[in-house]
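Chain IDs A, B, C and D follow the sequence of writing; residue 1 opens each chain.
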Amino acid sequence: MPDNIRASVQIAPRTHQLQEFPRPVIGPDDGLMRVEACGICGSDLEQYEDHGGRRTEPCIAGHESLGIIEEIGERASQRWGVKSGDRVALESYLPCRSCDMCARGEFMSCRTGSFAYGFFPTSREPSLWGGYAECIYLHPNTLLHKVSQDIPAEVAVLYNPLGAGVRWACHLGGVGEGDTLLVLGAGQRGIAAVIAARAAGAANVIVTGLARDASKLALAREFGASHTIDVEAEDTVERVKQITDGKLCDVVLDVTPMALEPVNHAIECVRHGGRVVLAGLKGRRPMQFSPDAVIQKGATVVGAFGVDSRAYKEAISIIESGRFPLEKLHTHSFSLEDTPRAIETLQSDGDAVCVSVHPNG
Amino acid sequence: MPDNIRASVQIAPRTHQLQEFPRPVIGPDDGLMRVEACGICGSDLEQYEDHGGRRTEPCIAGHESLGIIEEIGERASQRWGVKSGDRVALESYLPCRSCDMCARGEFMSCRTGSFAYGFFPTSREPSLWGGYAECIYLHPNTLLHKVSQDIPAEVAVLYNPLGAGVRWACHLGGVGEGDTLLVLGAGQRGIAAVIAARAAGAANVIVTGLARDASKLALAREFGASHTIDVEAEDTVERVKQITDGKLCDVVLDVTPMALEPVNHAIECVRHGGRVVLAGLKGRRPMQFSPDAVIQKGATVVGAFGVDSRAYKEAISIIESGRFPLEKLHTHSFSLEDTPRAIETLQSDGDAVCVSVHPNG
Amino acid sequence: MPDNIRASVQIAPRTHQLQEFPRPVIGPDDGLMRVEACGICGSDLEQYEDHGGRRTEPCIAGHESLGIIEEIGERASQRWGVKSGDRVALESYLPCRSCDMCARGEFMSCRTGSFAYGFFPTSREPSLWGGYAECIYLHPNTLLHKVSQDIPAEVAVLYNPLGAGVRWACHLGGVGEGDTLLVLGAGQRGIAAVIAARAAGAANVIVTGLARDASKLALAREFGASHTIDVEAEDTVERVKQITDGKLCDVVLDVTPMALEPVNHAIECVRHGGRVVLAGLKGRRPMQFSPDAVIQKGATVVGAFGVDSRAYKEAISIIESGRFPLEKLHTHSFSLEDTPRAIETLQSDGDAVCVSVHPNG
Amino acid sequence: MPDNIRASVQIAPRTHQLQEFPRPVIGPDDGLMRVEACGICGSDLEQYEDHGGRRTEPCIAGHESLGIIEEIGERASQRWGVKSGDRVALESYLPCRSCDMCARGEFMSCRTGSFAYGFFPTSREPSLWGGYAECIYLHPNTLLHKVSQDIPAEVAVLYNPLGAGVRWACHLGGVGEGDTLLVLGAGQRGIAAVIAARAAGAANVIVTGLARDASKLALAREFGASHTIDVEAEDTVERVKQITDGKLCDVVLDVTPMALEPVNHAIECVRHGGRVVLAGLKGRRPMQFSPDAVIQKGATVVGAFGVDSRAYKEAISIIESGRFPLEKLHTHSFSLEDTPRAIETLQSDGDAVCVSVHPNG
């Protein structure tokens, strides 16, 4: 590894520039990771567009990084239980681990926490806060997970969408052996939820998509979806009643971005006492909603904020178990120089499911 | 107890008639209870009005009954663990206890269950299905709880609203030692939630009400509310931020009937990772709602359907402990003949909090 | 089905007699099931020997019954959600469903409950309380589960040992995705726990056995055990430390009958904060045990009493999913006449894992 | 505060020496606390005796410290949410907050964690690791809780034993509204458990003690124990059966040090499906124990290792609520110079319940 580290820096909306940064000096509590692969999700697209132009400061984006420990302090090595040469997956969130919420183990509700990786500006020392770079800095508060080196990098990097699938479907939704799950939306998060639910023993997993999602719905079936619904050709609620013999679903997960109708479908399709998980952001748009529908069913509606360590750990276990053909989920790889093209591919290529940047080739 | 049992039968909307029914023959698995007191809640008001006129069949209403076991079968006595002369409180819901939901202990989601007490028509044998009667029939599936006879009947009958307070604030909301609860609405259920939350150790309980609820808000403070808000004079959200020093509330419970604004207040006032419990029905009216508000906060919204055995048991424990001046919650008692006036009092007397009918004087 | 029903009645220790009983009259709340298969477990062996001679009354044993609904009352059909001709699996335990524990959904701690199926004497009407008979009576309180008819009876009847595996390893032990489980004992319950744990995503499952259990340990590996230990050739604790790289096990389940040493091995092999499940009865024999070992580790030790509805439901889901070659778990089938030989086979044939009686051929 | 800080240093078993240490330089992530009071518990007694003589290094003991923030770094102030002049209570345990157990919020099972406060030697910079000193160092990983200054220091310092009561009785034992708890042992931890259980709504709390504990049993009754048992005059198990009308206890907590008999009493006195919490260390001595007793009851036995943040937070809420006369729990206060006498008082004065050292007078 040379003394200078190359990175794809976002300097303006939809504009990246390759820049070099000095290799940081590592002390006893921190480290440096050589990035093997960095995944891309919807947040990256928003960040790339930056319509509001609020993020004027240059920044290395990329918050789904996988790589090899290049250098690590002695205390950090002991705490994290990893050493130079180990492969690790990073969490993007840096909780303070000291406030009252963190002290209770509720890191996701940290009073001071923030998404660090992929979002801190390069002006903040030591600049290397994003995965679209040859190396990423390991801050002492970083949460990371060891991953087996036997797995191809483009599969191992799926720990991030799969972590979301585990947390949203299984932990927040409570999907377990024999349950029926309805997933509204057939993107990478939707398919990841199918995998997580099947890994947990779900008996029936129904997935909805648009007509143009046909190939993604086919992929969902390959990963164990028992039924798929083309919402442009069929009435979602009627079809779900038919499939479930009127018993409706134990859990419904909405991962559709911007669409409001699925939220009411979710409430209509969940059984009495069931759980609805909302994970698809709607651009702050409001919708018509009847509180009585939730009350009469004794239903629970959960907002899915982020992914926690337990979910990442289980996602990595699913990956390492080799019990799903996860390579089919990965559709595109790009070099560091092509980072903008990687993001644009996820944005506009209808066949793109999981896309990753591989900064070291 | 004579051979004929008198009851106040609802024969048309807002119309009751005193009728007599033969005393039922009790077998090994059922029983008969002499009603000491029967409480009244919002459901009774709806039933009394019966605007839709759907319930054309005569019916003995009253689903919050407390009384003395008059006669009981041998097997029933063993199962329920009570005998003739014992005082018991009845649950209104009769789950089948055999379907898959009941087998898992989720009686409230029983696939075939229904509110029996207070809702079955008199045409269904043996007619005595409601609390506005000298005696009520104990069906073999009845769920009942023994209550100490040392407590005045008008206090013991509060097991019903207090059970709702326990389930909604503590079980569904998760209120515990040191928590901050916001209760939207100052009726009997709202004040019951204050009591339940304080019994569970809540450090701060904030209650909202209208200007005309001034006496009920004062009562809430007597039962341990730390702050009350007159929503006509103050901005609820701003006031909650001020009271909580910006930390917002761990749990928010909405018990306002028909009002939609409080649902959005609830979501605005709950902290990241907190819980919102919706218990106030809105007449099926829809509202403007932003899913992102729930997602960004990682909040959980729970529909409060009914009250379960665990909550009734804890409510009775609170009553028997004598640690709250519950007699202040009870404002009016009526005789069997005055059942319609009892219902109308709760409906239109602004000072009425808990009202009960005492069929045996 | 003829009017008389044949059964293998235990009339003395190790002595059965074929007897005929009149077909019971079925009312609205009960039913009759034609037995396809009845499994055998350790409790059957104890019952067969009846060393104490306490159970002097004749009895039809067999509490793991699978069969076809022969006749069913109208209300029973509605409650259970099944009809004549459906295949169902019976729970052996008949909770009262009325006491305070049952009302809370804790049926296993029912204050009046008892093992009915396989244990009630024939003197109790209508005699047909056991699975070693052409038909079994469906008491109104029976808990039953619908099972697909596409599965061979000798596989479907595995719902019982597999239900134990699910409850003991996953529900009481908490085994989930990525966890490490140690199972002490390689009998049918031990192997069932391997299956349940792998279905729940356990990353590592270690199973111990005696030298003579070699074929059962091989079967455990076929079902997904990652390591097996011959406790006569290896030191269990040392080997577990080696396999887990010193991290020990998240969960340890002891199913060894009569052996005391495994209980201490369990505590030594569980990690800090982990869970130990004890399911192997020891004939009331005491052992040397150090409370400090449990305290210093912050460990939880759970006594596994019976199997509940949720576990049976999940076991049936695993069976119906077809994701394990469960036919390998079943080793012997016998006719009704050969019931004693079936029991003796499980008792003394080292290769017997799961054995069943098929009363209707 | 002068530049030199005085401390009572343990230099040999039962031997303290007053020493002075330079005031540490505080950076952005740490702080310094002026000790108001430091409580004493059984661990302090063991440390004072140090029979094994293993801890040869000089050390400032005292791990139950309460005090005023004297100096604090800017980042530390933001993370902890406190500033100079605030009163805080310290947790003694310093988890790494980075290992897999900590990442899951299970700090008590931290793979690298240790009791820092009261146990690190003075040779470790900056020496001030114990509460028997004018000031204590606030390491960046310290977990601390803000406490109201309206409460006398000798009451506020009870956060430590009360935290144990909350965790052991309520969190690990699950005591809630209406439950029956048996506490074996009437020392400070036993009485703290009575308080915690009553705060959580326990209906019945039974406490056992020796004849010489008469005054402590009386104190337990003052704090809400419904019954007390002199184990030298009465048979514990028989008396519990009598008090509970044969229903036994939902939860049993053993806090007796060194005694083995209570562990078996605990198992005999817990109801089917109930929980036993073991918190009294037995000097690694083994006992006779029957696994079947735990299995047949479906009981859960939990080893109580330490106290976590959630429990401390709830204990402080109980203290701040003022709903118990906690000043009666505190029996003795000593100056810094008298630290050895403080420890010896708890050790040998039968009337001592909670004893504290007040290093700044």
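In this text, a contact is a pair of C-beta atoms (placed from the backbone, for glycine too) under 8 Å apart; a residue touches a chain by one contact, two chains touch by 3 or more.
These figures come from a predicted structure and were not determined experimentally.
Shared contact partners of chain A and chain B, listed by label: C, D. C-beta contact counts were set side by side for C-D and B-C; C-D has more.
Here the CA centre of chain B is 41 Å from the CA centre of chain C.
A separation of 43 Å divides the Cα centre of chain C from that of chain D. Counting partners per residue, chain C has 106, 313 as the residues that reach two or more other chains. Only residues 166, 176-178, 199-201, 203, 313-314, 316-318, 320-321 of chain C touch chain A when the two sit together in their complex.
Within the complex, the chain D residues that touch chain A are 76, 78-81, 96-100, 103-107, 111-112, 143, 145, 309-310, 313.
Residues 101, 106, 108-109, 260, 263, 271-273, 278-292, 294-306 of chain B touch chain A in their complex.
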